[in-house]
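Each of the two complexes below includes chain A, the first together with chain B, the second together with chain C.
Right, the complex of A and B next:
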């Protein structure tokens, strides 16, 4: 009972705080991307302006369920964040965030637009690509920390990165897929590309699209939280180290985003599974037999 | 200043332009002029766009396309006619199949003349369009409020 209440409060707090952090991260992302391309770039709060504008637009949903699916996706993303940051079960976090992705895919399919359907099919492939590595991450975390609960890291003498660094590299690889950054931005892209119009969000407009943006901010914060989890142990200053690492990883993602052209889904699928097998499999085998 | 004016997402459609204006439209978004400083993002999706940039004149073939893109855009929305062809038909005005400027098909808010239209003119046109966008956003809000009161 007490866990449920903590999780609920955590989810609510996450729903309030994560969009703010995610929005700032998105703004930094756009400025850094612009600088990498030799441009000045938009103001830091540009993502916020975008979303405010979207909420001011007329509501023209193509059907009555699309918005509902997106709301569900958003709620589950917040619940996943709530569980994670209140020290809950990592495996559970992974399942809930996958449920959120599934709702988003359903939202895209429900519009019946051919472009959105192509986007949704590609998103499904993306989920299939990153999921093995994410599951192996949870198993590796269990073997390293002795528990699936994320709060277990605060009782450790050394951060889990010292034993499962190979899994960390694997996570870095699939993080690009999860954040939908180039070269793995198959289902939808944040840049001015116009391939398959706009992928999954083709038929979403106004407030629905605004909510999708907010959901992405929350997701970004959660995924970066996973990265930080590897660097936290029983010392208070480890949290600072984790934040520094997270920022460095985010910068790396932006750099990758700006320097690599999009790949085909076959390559994404095969490489992600190969990485999961190598990084995850080898690391877990070593932990199991040593 | 409303939020609509801070993030004008544009969609670009090439009516029957000679491509001169299209290159300038894209140049506006490139590093030299960097339209993103003002929040301008080029989308390929009419449902996401706030500003419709049309280059070239309207003819029998594309008038339906122009109308459809306009109809798919979500209010508040603004149309900018880019280049003299889009404003009035330009050098092509008396061709047998040319109907005329974009205003023959859809309501145009800002005219950006030039052959080809310069990126500076385009940025000015977008900034002018953004003001119209704000007015329309305010009007839409007013409308919503009135509708709520009636209920």
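Right, the complex of A and C next:
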């Protein structure tokens, strides 16, 4: 019963706090990207202005269900965040965030736009590509920390990165897919030069699109939380270290995003599975047998 | 009281089967099936409720004429098979049948009389779970078949013989045999039930008598007769080296003296693997698709293949102490799970996707049984329950859709959410239950992961990670196909037969209730079983998390059935880059100024996951593995290993 109440409160808090952090991160992303491209870039709060404007637009849709699916995707993204940041079960977090992705995919399919359908099919392949590595990450975490609960890290003497650094590298690889950064922005992109730009969100507009943006912010915070988890142990200052690492990783993702051209899905699929097999498989085998 | 109830559950379907053969009019048949289906379901529920939370209960019951009757039934089965072999000139099946006949008769004359089994029947919480599945889901499928077979007969060419009485009689006979399997402690009776399910599915698969059906039926009977011979071998070994034919005693001896039972264990595992259609025997279950859909639903969800995994789970404590057999069962199951999940991606035929997914999930159950720890058995129990409910729901939905849209191809299910709104939602529910958290199957998979970690089964963990990813792919794209909405609903589901809706509703309610009450099912069914076998159980998944999952299920279900389609937003047509000719038909102006309609097909990724590439690998790997394990056991035995 306690777990449920904690998770509920955690999810609500996450739904309030994560969009703020995610929004700022998105603003930083746009400024850094602009500087990398030799532009000045928008103000830090530009993502917020964009979303506020979206919510002011007329509610127009191609069907009556799309919005419902997106709301579900958003709710479950918040639940995943709530479980994660209240110290809950990491595997459950992964399952719930997958449920959220599924609802988003169904929203895209339901519109029957040719572009959205291509995007949704590609997103399905993206999920299939990163899923093994993510599950292996949870397993590796369990073997290193002795529990699936994220709160277990606070009882550790050394951070889990010391034993599962190989899995951490694998996570970094699939994180680019999960954040839909170029070169793996196949299903939808924020770069205007790709062959399909908006993909999944082609038919989403106004408040629905605004909600998608907010969900994306929340997801970014959650995924960066996974990154930080590797660096936290029983010392209070470890949280500071984790935050520094998280920011460095986020910068790395932005750098990758701006320096690599989109790849074909075949490359993404093969490389992601190869990484999962090598990084995840080898690391788990080492933990199990040595 | 328990004895009478068991007697009723086994005998009543038999009586119904006989009645159905005699009374051949349509109206009477449908009345009998409705009533007796409900009676069987209620009786099963009553039995489950009366004994809820039971540990192992042995029932003193032995009756010599029954032993002879079982032998007679076994002989009758073989004679039936031989008759078909002569009619369709199949040498292999005949050969196996004769081997089995000789083995059974010799066994009965040599050991039947001297080994006395006072406790012929038993039940425990796993039996209760199976009784629930067989009684409720199995008879639900029988009721569904009333409407389905009416449509089916109407689609047959004019003047085709109406073989429906046989069909329904076989369905009920199947249920009786399944009850016999889950209640028998006497391994000879168990074997008889086992063989009856084999021959029933043989006759049901060959129902249409087309050359394809006959071919597939014979493939099924050859593989399962081989499995049956494995079972007979186990009977011999058990009688000679353990000196008992009581299943319960066999297991307890095996737990303390694994060297006595190792050969019998491998032989029984082989029988279970053939029945559960694990690679290399997966082709019989794929071939079974030619039969009418209720047959497939029955084979896949509540009977036949479930008998295979039931046996394997019963043997789980022995696998824990017999590494050789454990390796075989674990790896066969895991490889089957991985490769069949891959192959499911490349299928367009909905029933074939379901078949591959069934085999894959049975693979996971098999792997859990092979691991043999209490946690793994807990996971396997849940997998059985949720697989049965969700898969029967899906088969019934696909069967109904097939009759109303004229195809079982997933590509033809475009816009099903519009055309058959209720059915599409049920189908979506079934699909979600199969692969996504917080629904039951994934909770079970979660427990499987935990138990594999505990046992340091690295290979199984990697296989599970990749297999789950593939599972996501093939279900999600199917779900996407169903989810499309064009806006002009042309409802074609008004003509669906009442019995079909009834059965589909029952399955849907089972899925929902099962997923929402998952912590209680754990407390009252699965945990008591695990405790009764192992004496202890430390649950890996905290109850709080289970309740959290069940709340999430409730949310999804409410959204699916109440929340969707209420949006009041202004409707517009889809965006076609400003060159559209007809927005509602998605046609646009092409480069030659002609009109092209936008069409999208699902991804099948045949170059990666095609059957022709993958099936071969699995069949060779698993065959070599099983042969190697058997060889090791036979060589190792005299050396005392």
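What we mean here is this: the second predicted complex is superposed on the first by the 288 of 290 C-alpha atoms of A that agree within 3 Å, B and C clash if a C-alpha of one lies under 4 Å from a C-alpha of the other, contacts with A are read in each partner's own complex, and residues count from 1 in each chain.
Heads up, the rule we're going with is that a residue touches a chain if its C-beta (ideal position, glycine included) is under 8 Å from a C-beta of that chain, and two chains touch if they have at least 3 such contacts.
Here the structure is a predicted model, which means the values were calculated and not measured.
*Asks:* Sticking to the clash and touch definitions up top, decide whether chain B and chain C on chain A clash or fit.
*Replies:* Taken together on chain A, chain C would fit alongside chain B, as the superposition shows.
*Asks:* So, A:50: does it touch chain B (first), chain C (second), both, or neither?
*Replies:* In the superposed model, A:50 contacts chain B only, not chain C.
*Asks:* With both complexes superposed on chain A, which partner does A:235 reach: first (chain B), second (chain C), both or neither?
*Replies:* neither
*Asks:* Given Cα centres, how many degrees, to the nearest 10, is the angle at chain A formed with chain B and chain C?
*Replies:* Once the two structures are overlaid, it is 120 degrees.
*Asks:* Looking at A:58 after the superposition, I want to know if it touches chain B, chain C, both of them or none. Which is it: first, second, both, neither?
*Replies:* A:58 contacts both chain B and chain C.
*Asks:* Should A:41 be classified as contacting the first partner (chain B), the second (chain C), both, or neither?
*Replies:* first
*Asks:* I want to verify the contact counts: of chain B and chain C, which reaches more residues of chain A?
*Replies:* Tallying touched residues of chain A, the top partner is C.
*Asks:* Please work out whether A:202 is in contact with chain B alone, chain C alone, both, or neither, and reply first, second, both or neither.
*Replies:* After superposition on chain A, A:202 lies in contact with both partners, chain B and chain C.
*Asks:* With the two complexes overlaid on chain A, what is the closest approach of chain B to chain C, counting only CA atoms, in Å?
*Replies:* Comparing every C-alpha of chain B with every C-alpha of chain C, the smallest gap is 5 Å.
*Asks:* Could you list which residues of chain A make contact with chain B in one structure and with chain C in the other?
*Replies:* Touching chain B and chain C on chain A: residues 58, 60, 202-203.
*Asks:* So in the complex, the part of chain B that touches chain A is made up of which residues?
*Replies:* My answer: residues 2-4, 6-7, 9, 29, 31, 34, 36-39, 41-45, 47-48, 50, 74-76, 137, 140-141.
*Asks:* What residues of chain A sit close enough to touch chain B in their complex?
*Replies:* Listed in rising order, the residues of chain A that touch chain B are 30, 34, 37-43, 46, 49-50, 52-53, 56-58, 60, 192-195, 197-198, 201-206, 209.
*Asks:* Where on chain A is chain C touching in the complex?
*Replies:* Chain A residues touching chain C: 1-4, 7, 58-69, 72, 75-76, 79, 83, 88-89, 91-92, 95-96, 98-99, 102, 105-106, 108-115, 117-118, 120-121, 124-125, 127-129, 131-133, 135-136, 139, 142-143, 148, 202-203, 269, 273, 276-277, 280-281, 284-285, 288-289.
*Asks:* Please name which positions on chain C make contact with chain A in the complex.
*Replies:* 415, 417, 436-438, 442, 446, 449-450, 453, 456, 458, 461-462, 464-466, 468-470, 472-473, 476-477, 479-481, 483-487, 541-542, 544-545, 547-549, 551-552, 555-556, 559, 563-576, 586, 598, 600, 602-603, 608
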